[in-house]
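Submitted below is the structure of interest, expressed as structure tokens.
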Amino acid sequence: MEKNRLEAFSDGVIAIIITIMVLELHVPQGTDLSALKELCPVFLSYVLSFIYVGIYWNNHHHMFQAVERVSGGILWANLHLLFWLSLFPFATGWVGENHLAATPVAVYGFVLLMAGTAYKILQQTIIARQGRDSVLARAVGGDWKGILSPLCYLAAIPLAFVNVSISISLYVFVALLWLVPDRRIERVLEKEN
Amino acid sequence: MEKNRLEAFSDGVIAIIITIMVLELHVPQGTDLSALKELCPVFLSYVLSFIYVGIYWNNHHHMFQAVERVSGGILWANLHLLFWLSLFPFATGWVGENHLAATPVAVYGFVLLMAGTAYKILQQTIIARQGRDSVLARAVGGDWKGILSPLCYLAAIPLAFVNVSISISLYVFVALLWLVPDRRIERVLEKEN
Amino acid sequence: MEKNRLEAFSDGVIAIIITIMVLELHVPQGTDLSALKELCPVFLSYVLSFIYVGIYWNNHHHMFQAVERVSGGILWANLHLLFWLSLFPFATGWVGENHLAATPVAVYGFVLLMAGTAYKILQQTIIARQGRDSVLARAVGGDWKGILSPLCYLAAIPLAFVNVSISISLYVFVALLWLVPDRRIERVLEKEN
Amino acid sequence: MEKNRLEAFSDGVIAIIITIMVLELHVPQGTDLSALKELCPVFLSYVLSFIYVGIYWNNHHHMFQAVERVSGGILWANLHLLFWLSLFPFATGWVGENHLAATPVAVYGFVLLMAGTAYKILQQTIIARQGRDSVLARAVGGDWKGILSPLCYLAAIPLAFVNVSISISLYVFVALLWLVPDRRIERVLEKEN
């Protein structure tokens, strides 16, 4: 099976997820700037989620450059990732509309954790099919970002009930960590040639 | 006519259907876990429908690998399938919001039955054009899954008025049946080469 | 400029339009079949609009097979068509929710008329660029469907205020007229080879 | 990295943005023409935003014809542009539903300004990678439209609090300026061959 349609379908779903989140920015009733001010938490959680979904799209894009053909297992691992990403609009809206209450912030972290896990499963499924010697296996190598991120989420979930600011700082920290695009795959591919 | 645009359009529509369903997961009013608990039936029906739409996308993907060129008949048979799939968000939302009442569960089964029938019609339209000797015709062969599934839906529809759990178990059973990706087409294609 | 991106963008917009219409099928409050019965006019107007958008997608698909390269003028003529198609969900919802009142039915006809006109402009823009001798120019030839359809819409708009059934019959009639896919372009292309 | 997926993803996001805006055209309660009349400001702001998003899509399409390969920087500059475009439905809805009140009109101008700036950043990121001698660098040349547009937005934002009509006229003026597709890139490409 070729990877084009899997890429096209994933692009479609991610494009819709990233755009549907903006629907949570309901048109305010008032017409002055104070009406905008009330939207601030919704807007900021939208910005954070937009960056997260952008990171997933970027990394997905990079990872599939190292993939030639897809199997049934990869298709389902990919759908599993899309499932957790599809919960971003819900989690984002819940955080934003409740001015950062503890439970929604913890649930947001849970969705981040599950999406990260799903991404990892997808990566492993691809490596399992390509063999330990493949470009992707060597590129991923000592994946310190991939180990640090779930630890941050795992800490952030209970910490939300202590102080939401800590959890949110952790989410922002992980986002910054990944904002730098993942050059590992490109580097290994360049060495090959 | 080439199949690329039909695939791209179908990918787009299926990507939107799968993502629009999540809009039924309305952001809850409360901020504690009990608010999430109330969302449980909506969430579970979302998960089931996500898997069903995923199965359709996977099988559609597989089937069109055995297709070279499309005719006007195939275009319309494909649109007919997309029509029934487009009713998934509605049926899913109705089931979820009514905590699994009998009529919505039966209607959900009806939509599943019609989507299954539309898929079968699409398959037959393709085979009719390609001839009985084609890869797809041989791959489909004794299509026991394709015969068992509509029987399950047909049983589940009236049974919803007896006990919803039976119907839902039948829907989950059919989903599990298809979750295993359809290797028949790949197998026949491999034998050829 | 190549046509791929124009096709992909149009596919995306049309896929969203066709799927967004289903959002007008609001999940009903009740859980019995009478709740579904009330949705009947919304459902039927959804079916009609789905068929119309499907026809536009099919014909768009056919027409662009006869196109090699696109100009700025074609890009804008295409966006103009997408604009009128984007009003289908609004017009469909208005007709459906008002149990086929006169003004919404007339407005629906107006949107159909404008979309049809926009399609014609797009066709002429392509022919103007390709020359009178092109495949498309010869294929379109004596375009009796393209002449009859706007006449039907023009009649249906005022007739909605006399009797909505006449207008709706006219809309259904035009849809049936076009449901047969447009083989002219294929035929001319086949003769060439 | 190849540009195809970036184009496909951008097409998806822009297609959704342009179509989601129409959701602000809520189906009216009444069934007479006066109900439509009340929708006029929402409709007109939809038309303006549709044209703006259309212009961005057209120019994006043109610009990426002069791009061969994309870097991580270009991916993020592109996502940044999509972020500001994704706020169009919100800004459009706010302007339309408040019958052109001052603050929404000013905020609309701010979103236009930021989208324009993001487009400029994307252009510079591409040129920085391709070198000052590239097709795009020479094509952009003395970019008077790109200089005049932000000046118009910057003037329109405070002027909204004096008289909304001036700001809106400025927005319409800039749209007309760009409606003429950007032939510079095509011209330079043609000279090359």
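Points to keep in mind about this one:
Labels A, B, C and D are assigned to the chains in the order they are written; within every chain, residues are numbered from 1.
Just so we're on the same page, a contact is a pair of C-beta atoms (placed from the backbone, for glycine too) under 8 Å apart; a residue touches a chain by one contact, two chains touch by 3 or more.
This one's a predicted model, so the numbers in the text were calculated from it and none came from an experiment.
These two copies of the sequence, subunit B and subunit C, are related by a rotation of 90 degrees on CA atoms, to the nearest 5.
With every chain reduced to the mean of its CA atoms, the largest distance from subunit A is reached by C. Subunit D has its Cα centroid 27 Å from the Cα centroid of subunit C. Separation between the centroids of subunit B and subunit D, computed from CA atoms only, is 38 Å.
For subunit C, the set of residues that touch two or more other chains comprises 8, 12, 15-16, 20, 23.
Note for the complex: subunit C touches subunit B at residues 7-8, 11-12, 14-16, 18-20, 22-23, 25, 27-28, 31-33, 35-36, 47, 50, 54, 57-58, 61-62, 65, 179-181, 183, 186. If you check the complex, the residues on subunit A that touch subunit B are 1, 5-6, 8-9, 12-13, 15-17, 20, 23-24, 72, 75-76, 79, 82-83, 86-87, 89-90, 93-94, 97-98, 101-104, 107.
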